[in-house]
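Presented sequentially are two complexes of subunit A, the first with subunit B as partner and the second with subunit C.
What follows is the complex of A and B.
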């Protein structure tokens, strides 16, 4: 009942944002194509030079494209849905005092932040990610089973949740510094770059950090091993590829817990 | 006159010096990306020792040099001049008793010097801590590398100046800018050395001014070019600076002629 009302309100508010962005139709499409190009060149460059090398850490171009496609699609989806929590955007809200206004309204706080921004142009990056993902499927000939077909959307949604957790945690930091933290960029933008390549090319301490502390490897690399029927060169238990939902939603929940602590401690900047 | 430009450069240097925390945070991101790029190139080489004139050590050094130059050349974008056209501030700048192109160039030299010291050198120092970097094979290469760094800044500035002028004609100049910076990032050899691309792509890239931004310095530093070709590489950079600067002046003249500023 209340959930239904919340969702109706959310979609109404998002609908307004979307309509506003579509007012300048040409600008919107140019922006969309520009974003697609700007993010797509990364994979195009790799594909262009790959012929000289043949493989990376024993993985073919198609297999790397699977990682890249999953990461980019999930990140871009998150970037759109969690636009309001983007530390760059959210820190402005705090500094300008718009966040204070939200605290006064009798509507759920996360709902207001989710509805405060919704950047439709992220679809450009999403389309680019999906294109590379599709390209990987034509090259890798995955042996599809019902389990894989069922697990693929679960992994994608979990990865969206994981990246969302990073944004929410970054937004939580805004309460303490009133400045957006560039360190968060290391985990978000740096993270997508890192996860586009097989984890075993990195040093052990590096990999450990991204399995046990920030569990990003459990979201992308391990599930990819399952889909591509590859052995685990790092020797984690055989259930490791199936920890993605736990790691993804666990990160998101932990981040929201941190964020609420920030909200309770928050004293306005006075602007 | 020279003293005016020197003062402009010095002021820009000091202005950029003010962003200390931002510099530090940017440095951490640069270093992280640098480490990833080194991992990726080492893994791509795998068992191969040499690819297209690059050794593994050369490839790691390449990532260090490119990360060092990222802020110096601002490859990720530059909006200062474009903003002054969009806001109309340019009217005041045009009426100053200095050459408009040199007015901006002097300030960009100050900016570049500051970012080279604050962002570039620390990255190189971090690299030297973690990797055994290649050194230029001869003192001549080292000297040519320094000259090449300066020329690269000039080419980069002329390109950024030219792209910014698009704001005279279109309200969507930011989109033009974003596309232009992306093109430069790929074709300059920032993402991957130009020599790694398929021969046809490499040949096309070398016809553009963009390898003069990054690839030329790297090839000089690593000794991939030497002898007469070394002078040719420097001459190529100089040519592109002069060509883009001449084009910029033409476009600027056309833009100013069209410009109407509302009096206030």
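What follows is the complex of A and C.
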């Protein structure tokens, strides 16, 4: 009943955002096509590199496309759902006093922020990601098993949660300083780029950083090893491919904890 | 009656960090974190009964908005207690804000992209106002605030006066127990101000709504509030009837007179000449020494007057005077 009311309110509010975006119909379609194209060009560049070397670190084009498509799709989905937490957008909300208005409404704060923006045009990038991913399937001939079929959506959702965590953590920093947002952007946007390459071509320290500090290797790289039946060059325990949900939702939860600390700071400093 | 709002020894301190410019400055900002403490609200206490309409008066930077933000639950006090309808605002944010209404002057709660009426309808869902009560309230506010002329206009195209009227309606749709208004008339022209004042007065009288209204404009308070609290630099300087405030600290008013001809002996008992500029003479007079009408009739009995105007004391000046003379310390406010 309460949940139903909350969800209805959420859809009502994002409905407003989407309708507002559609008022500028042309700009909407140009944007949609633009983001889609950018991703496409990025991928073609990658494919050209493969055309030259055949493989990177023992990974074929199809296998890399699998990683790339998954990451792109997950990121674009996250970018759409978490638009309200996008540090660029959220910091503006805080600066303009919109966040004060949210504090004055008898609705949960995260819900209000999720509902404050919804960039439908991210569908362009999502479609591109899915296309690359579909393309990878024609090249790699994955031996699908029921476990793999079940695990694939779990990995995707976990990756969405992980990226969402980065946005939420970035939004938490908005309560502190404006400059720090740029640092987060490098992290988030740079992160998608990195995740889409096979992990082990990076240096040892870098790999450790990604496995232990930013658990993104657990999110895509290890699950990919499982889907593609590749051996683990790093020799982690055999359950490593299945830590994705833990890493993804763990990151998101930790980010929200940080965000609430930021809210508490805001309500005590007013800035 | 038990008070609907009670505030005890309320304090709010802000740390204001020193900012250094440039690349080296950015580094210093990170390392040193020099700051000074601003005591925006510095030990305030009061109680408000249900149905009161209280003016919270003070010059810019006095701490009015900070107080309202604490009462509405946006800010957490540094120390002290607030209880509104039995709740601590920041501890039970959602329950608290469901029972209050708040309008901040020159701020907007409505959705920019939506027509006013759709914005109000969304708030109905947010506050879960029963349909029948919503219809009744909307009909009332449409009439009292003359919303019809812009009900279907997108919020982004409203004038400031219309925006404030729409926001007032928005703040009241859910029949709150208390209405907080932070400078609701700031930036408005006289007609728009007057309309908003009349509305505030009516919902207070007819609905028995408790209203707290901050302003730096003495005329808001004069027209609306029997009780006034005056604040400056975080301190409550006065809490009582407006008439008492003016009688005791109202300072001296000024009368500017344009005589038909230059007059040599313009002196009047009870008033002091502070400026002469040809046929224009400025008198200053205390409220209890002589009334404005008495002064005017004495002058017009002797000379032909072309024009005159009465200047009320500037609120800033009055407040500074109270503050500097520490009048509060003598009579306990």
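Everything below uses one rule, namely that the second predicted complex is superposed on the first by the 263 of 271 C-alpha atoms of A that agree within 3 Å, B and C clash if a C-alpha of one lies under 4 Å from a C-alpha of the other, contacts with A are read in each partner's own complex, and residues count from 1 in each chain.
Operating definition for what follows: a contact is a pair of C-beta atoms (placed from the backbone, for glycine too) under 8 Å apart; a residue touches a chain by one contact, two chains touch by 3 or more.
The shown structure was predicted, so the numbers you read here are calculated from the model rather than taken from an experiment.
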- Query: For A:267, is the partner it touches subunit B (first), subunit C (second), both, or none of the two (neither)?
  - Reply: second
- Task: Decide which partner touches more residues of subunit A, taking subunit B and subunit C as the two options.
- Result: B
- Query: Taking the superposition as given, does A:7 touch the first partner, subunit B, the second, subunit C, both, or neither?
  - Reply: neither
- Query: Does subunit B (first) or subunit C (second) touch A:20, or do both, or does neither?
  - Reply: second
- Query: Which of the two partners, first being subunit B and second being subunit C, lies in contact with A:253: first, second, both, or neither?
  - Reply: neither
- Query: Which partner does A:104 reach: the first (subunit B), the second (subunit C), both, or neither?
  - Reply: second
- Please identify the positions on subunit A that touch both subunit B and subunit C, taking each partner from its own complex. 179
- Message: List the residues on subunit C that touch subunit A in their complex, please.
- Response: 14-15, 26, 66, 69, 72-76, 78, 90, 93-95, 97-98, 102, 104, 107-109, 111, 113-114, 122, 125-128
- Message: If we count contacts the way the header does, which residues on subunit A are in touch with subunit C in the complex?
- Response: 5, 8-9, 12-13, 16, 19-20, 23, 97, 100-101, 103-108, 179, 264, 267-270
- Would you tell me which residues of subunit A are touching subunit B in their complex? 27, 30-31, 34, 37-38, 41-42, 44-46, 48-49, 51-53, 55-57, 179, 181-183, 185-186, 189-190, 193-194, 197, 201-203, 206
- In their shared complex, at which residues does subunit B touch subunit A? 21-22, 25-26, 28-29, 32-33, 36, 39-40, 42-46, 48, 51-52, 172, 175, 178-179, 182, 185-186, 191-192, 196-198, 201
